[in-house]
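Below, chain A partners chain B and then partners chain C, in two separate complexes.
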Partner chain A sequence: MKEGGLKPYLLILPLAFVLAFITYSMAETIYLSFFEVSYLNPFYKKFVGLGNYLWLFTHPSPTRPYILDWLTRSLIWVASSVSVKVLIGLGGALILNEEFKGRGIFRALTVAPWAIPWAMAAMMWAWVYNNQYGILDSILMHIDKYTGLFKALGIKLPLAFIGLPLPSFISCLIADIWAGVPFMTMVFLAGLQAIPQELYDAAMIDGASSFQKFRHVTLPQLSPIIMVASLFSIVWTFNSFDFIWILTQGGPLHATETLPIAIYNVAFRWLRVGGLGKGAALSVIQIAIVSTVIYFYMKLLRRG
Partner chain B sequence: MRRSYLRSALIYLSALLFLFYLHLPTYQMLLTALQPWDEFIKHVPPLLYPSHITLINFINMFKVVPELPTYLMNSFIYGTGVGLLSILAAIPSSYSLARFKFKGKEAILALIIYANMLSPIMLIVPIYRFMRVLNLVNTYYSVILAGSIFTTPFCTWLLTSYLRGLPREIEEAAMIDGCSTSKIILHIVIPLSAPAIVTSFIYAFITGWSQQFILALVLIQRDELMPVTQGLYMFFARSSVRWAELMSAILVSTLIPLAMFMVVQKSLVRGLTAGALKG
Partner chain C sequence: MKFKLVFTLLIAFLFLCSPLLVSAQRKVTIRVLMPLGGGYTKEAQMKLAQEFMKAYPQVEVKMEFVGWAELWDKIISSIASGSPPDVIYIGSRWIPALADMDAIIPLDKYITPEKYAMYPESVWNTVRYKGHIWGVVRAMSTKCLIYNAKILEKYGVTKIPETWDELLEAVKKCYHPEEGIYGFLIAGAKFVSTVSQFQNWLYANGGLIVDPKTGKALINNTAGVEALEFYAKLAKYAEPNPIQWRREDLIQLFKAGKAAFYVDHVFNLIKAIKAGIDADAAPIPRGPHAKQPTACVLITDSIAIPKLSKHKDWAWKFIAFMTDLKHQTEFDLALGFIPPMKAERKLLFFQRWWYRPYIYMIKYGVPEAAGIKDWEAVQDVICTAIQKVLLGQATAKEALDEAAAKINEIQGIKG
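Then we have the complex of A and B:
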């Protein structure tokens, strides 16, 4: 490593420009959150002080959501999505860590969904959930045809996966989890493969069962990676936009309106006047939350 | 012996369940795209396997979505633009980070990790206003410039860690021979780090091709400039969806990023997972 005088600074200019733009954008977001600005004419702006924030916190009617609705929904969204992503990812990694015929194909099929653009995947999921021809209902109806299971339970098919508030939320969740599983699986696989074999050998000598090995060797060895990957995933899940937007646009009855969807709706769709400013105020909250999570994530990285 | 049979049966069963979830949407896409639509809707409930295979939907999709070639071309332009801009910024920056000691380097490394976690949705308000004020809304530049902001940090990180693992002797010898820094980068650093450059380019290309849906949604309103994700979404959002043609179009426009991803799969997956774990 050498001192290069001015040279390293000149070389890093392109990246510095990118980082400067990000810093500028954040400052601009905070600045705009104190103004009345609209997307129709962003050149005109009027200072309103804390007006935009007050708007976020006023709750004129139960039908118009406000900041606490969005925050709770985002919190439930992130908590359920990330925990299931971790569980399924861990399962996938444990499978991939075994020796079996067809493992190469299994690996390729596991990473492939990663490359499917989320917007495309969201439309594919909309088709899966379609209550006329969707494959999910088809499968259920085929099961029903042969076993009469749903008729016996009194469940009428086809089910509407999208249309009612709670099922819509769960349907969006399932699609979002789907998008995160390949990453989680590969992260955990890398972690599993880094566990020294001696630990398992020692456990074997002590007569540990498969489950005991998992509980006392695998999990403790993997837990730092689970922590880091969860924090990473929290940020991405919190920012998740494409799936919800394409599947439900935040509806029905705002049931799937998380913070990112709210930003887009408030800034660009609902309000002809002042939307951009109020959207900026929402973005400030979004940035603050995400930055806090990133702070803990980076602290954890430093330690590891 | 009996135990090991049980064990492998369990492995295959859970692997199948896992793949069922991951490939339910892809399976239905193939099922719809490769079957005549009349055949598909004839059965109630629809069959779970194709009864006839046809490629007719791939011809019809150009009639139903006549702008599809334009959309694909646009996605190609966005992907290439974001890819090129990201690696052009990342190459000198990563060389500086990997080879020199300077004040503020630690801060920049921390900022790279921070920036890598940001999503376009967080900064969409200032980005929109910035592009409006510069009159760049509804141009290729707006999406490419904004898109590169979010891909450059990861590309720089990937290249920096690759360069750190490369021996410096050749560069040092060239330096003693009086080679300029630009010559060293062009003739030594770029050829030696070509695999990492290709991986970062493909990462940024895929992201620009498709992953930055919100940017196009906000910055592009004109049909002839839409990337394929947005264009097909517009088609999807209309009241009556032609599913067979839509799924065919999605299949075609997913194959390109998928093929690129698979080419560099090993190194890209390694890079992305290490990027999340090591920072």
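Then we have the complex of A and C:
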């Protein structure tokens, strides 16, 4: 109290408010998950114990596949999206860290996806994927016209990017990756610029090749940043909703129905087969999964 | 002395103002929730509120606006919070869910015989549930078969189809993908309008999603299976990969002269005409099981009163005001909607040739969600069935049997 007086406590006050808010929201969600709640009747609340969780795991729901499908799909979604974001982000950062003409413009362009609101970006992707007016199919058809490549491969154009289950999943994934790469690139670029030049000079004196420099200097120096950035990305990608909802609404045939889409459907759309209690139970499961991932990541991070 | 004078004047001023304060306090405030977008402008709706306040100076109308996409969320969250608006604008398909949850009140006692007689029975059916009326229709749309007369002429289609067989034959004739011309346009995306597009064929074959009285699924009976089979047949002569398409976007293809036929509402017929397409509309062709010459899905939006409203009588007065012949006509003329009131149809505006087939369809309109207790969930089930058939993952019978079982579960019907 003597050194800083009340100042540190005052400074920490906003954080305390945020923490209190988060704790309250989480506690309320966990509490709700043990009740059958009517969204329209605030006075109706019936304790069902683990009933909502049992329903999620055992009940062959009339409007969706089992929870295991949602979980599997979400894990594939997060694993593929985050790993590609890290790889492209790292590659982009390494390129942008080099001296070349027009580097400033490329750096600015990298951030461009961030400047567009996500809902608008998703609409833009919907038109990119459109099989009559979309630019992607148009490019492919031009390539095919001059090279006959797709005809030779037996691929019929235009392609249904968001019209078939697996292509829809991949198309949503690409859009999500596009939106997530700028963050990775910028964070990695900042990390690269913080690596002391002396380390590279020493490696050069030792006769290290470019790959060896990357392997033994860049990567170890950058790994804490990679860990932190991918941790953020995991959380954000797990919660990714906008792109999927606007592009496919979870379809076709549930192919893009990840946990956030399922939570929205169960909690807010399916009033009779779903409900707030079941939606809360599903949210608790998602929180548990994300928290577990964070825990192990933090452990890894501390190990250095 | 000076202070005393100021103090006395202040007291006198407050005393004189007190009646004004009291009368202001006595003023009833009603909150009205309205959507924005899709042609609904803030200005037009504010004007309505001002007119009402002029007619009833003792009432203050507070208009609350929300985007169409957020309307449902806003309604249920405001009801859940215990302080909903006094008047709410709803999609009529939400009525069963809201009524079952005891969230809105039946309006039977307010609707006079004169008011009732202003609308056709098919329009009232869209807001009827469990024998009661829960809303007053504000906006309405019917659907017709829109066609490109030039394409029909080019490929030798001389008769506008009235039956499914005739339509399929015409669609086949006009299907020339090598020239970028499709016989038909199909919606298959996971979206509400995919279901409503299918409903047109279901109803045109005498089918229904559920029995409006018992709530039991009927979608998998012969009429339903035939309708879905027919939808899939049309898809063979439609644009590639219809699962990518929402009905709302199909107009882009039609007004580019890429299709002979498709089903849509009057705005898009007008859009096509404005784009220079030789377009016209006809009643939806009937299926083999049809008992009527045609049918289509009748989609309405309506105005309802939440149960928790503290000023139900004033809420009704506002509804009656906004849906009287004068204001309803102004609204329909401004937005170009199909008029729900019988008297409106006599207006010159609605006598234009492109409105005629759509107004004719009112008589044969079947409500979008009659007897369906949870529209959003049922909509997802039907959409999945349509997509399964379009993707060749199930036959129409298999997909609809599965859908019927799921719908029965949603409806709370066992066995």
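In this section, the second predicted complex is superposed on the first by the 262 of 304 C-alpha atoms of A that agree within 3 Å, B and C clash if a C-alpha of one lies under 4 Å from a C-alpha of the other, contacts with A are read in each partner's own complex, and residues count from 1 in each chain.
FYI, contacts are C-beta pairs under 8 Å (C-beta built on N, C-alpha and C of every residue); 3 or more make two chains touch, one makes a residue touch a chain.
Computed from a prediction, not measured in an experiment: that's the story for all the values here.
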Chain B versus chain C as contact partner of A:Phe268, first or second or both or neither: both
Touched partner set for A:Leu153, first chain B, second chain C, both or neither: neither
Which of chain B and chain C A:Leu109 touches, first, second, both or neither: first
Touching partner for A:Ala229 - first (chain B), second (chain C), both, neither: first
Of chain B and chain C, the chain that contacts the larger number of chain A residues: B
Contacts of A:Tyr133 with chain B and chain C, given as first, second, both or neither: both
First, second, both or neither for A:Ile205, with chain B first and chain C second: neither
Contacts of A:Leu166 with chain B and chain C, given as first, second, both or neither: neither
Touching partner for A:Pro252 - first (chain B), second (chain C), both, neither: second
Shared contact residues on chain A - chain B and chain C: 39, 42, 130, 133, 158, 268
Chain A contact footprint on chain C (complex, rising order): 73, 76, 79-82, 97-98, 101-103, 188-191, 239-244, 249, 252-253, 258, 373-374, 376-377, 380-381, 383-384, 387-388, 391, 393, 405-407, 409-412
Chain B residues within the chain A interface of the complex: 8, 11-12, 14-15, 18-19, 21-29, 31-32, 40-41, 45-48, 88-90, 92-93, 95-97, 99-102, 105, 108, 110-115, 117-119, 121-130, 132-133, 148-149, 152-153, 156, 181, 206, 209-211, 213-214, 217-218, 229-230, 232-233, 236, 243, 246-247, 250, 253-254, 257-258, 260-262, 265, 269-270, 272-274, 276-279
Residue ranges of chain A in contact with chain B within the complex: 1-4, 7-9, 11-19, 21-22, 24-26, 28-29, 32, 37, 39, 42-43, 88, 91-92, 95, 98, 100, 106, 108-121, 123-128, 130, 133-139, 141-142, 145, 158, 178, 181-183, 186-187, 190-191, 225, 228-229, 232, 235-236, 239, 241-242, 245-246, 260, 263-264, 267-268, 276, 279-280, 283, 286-287, 290-291, 294, 297-298, 301, 304
Residues of chain A touching chain C in the complex: 38-42, 62-64, 129-133, 158, 160-165, 248-254, 265, 268-274
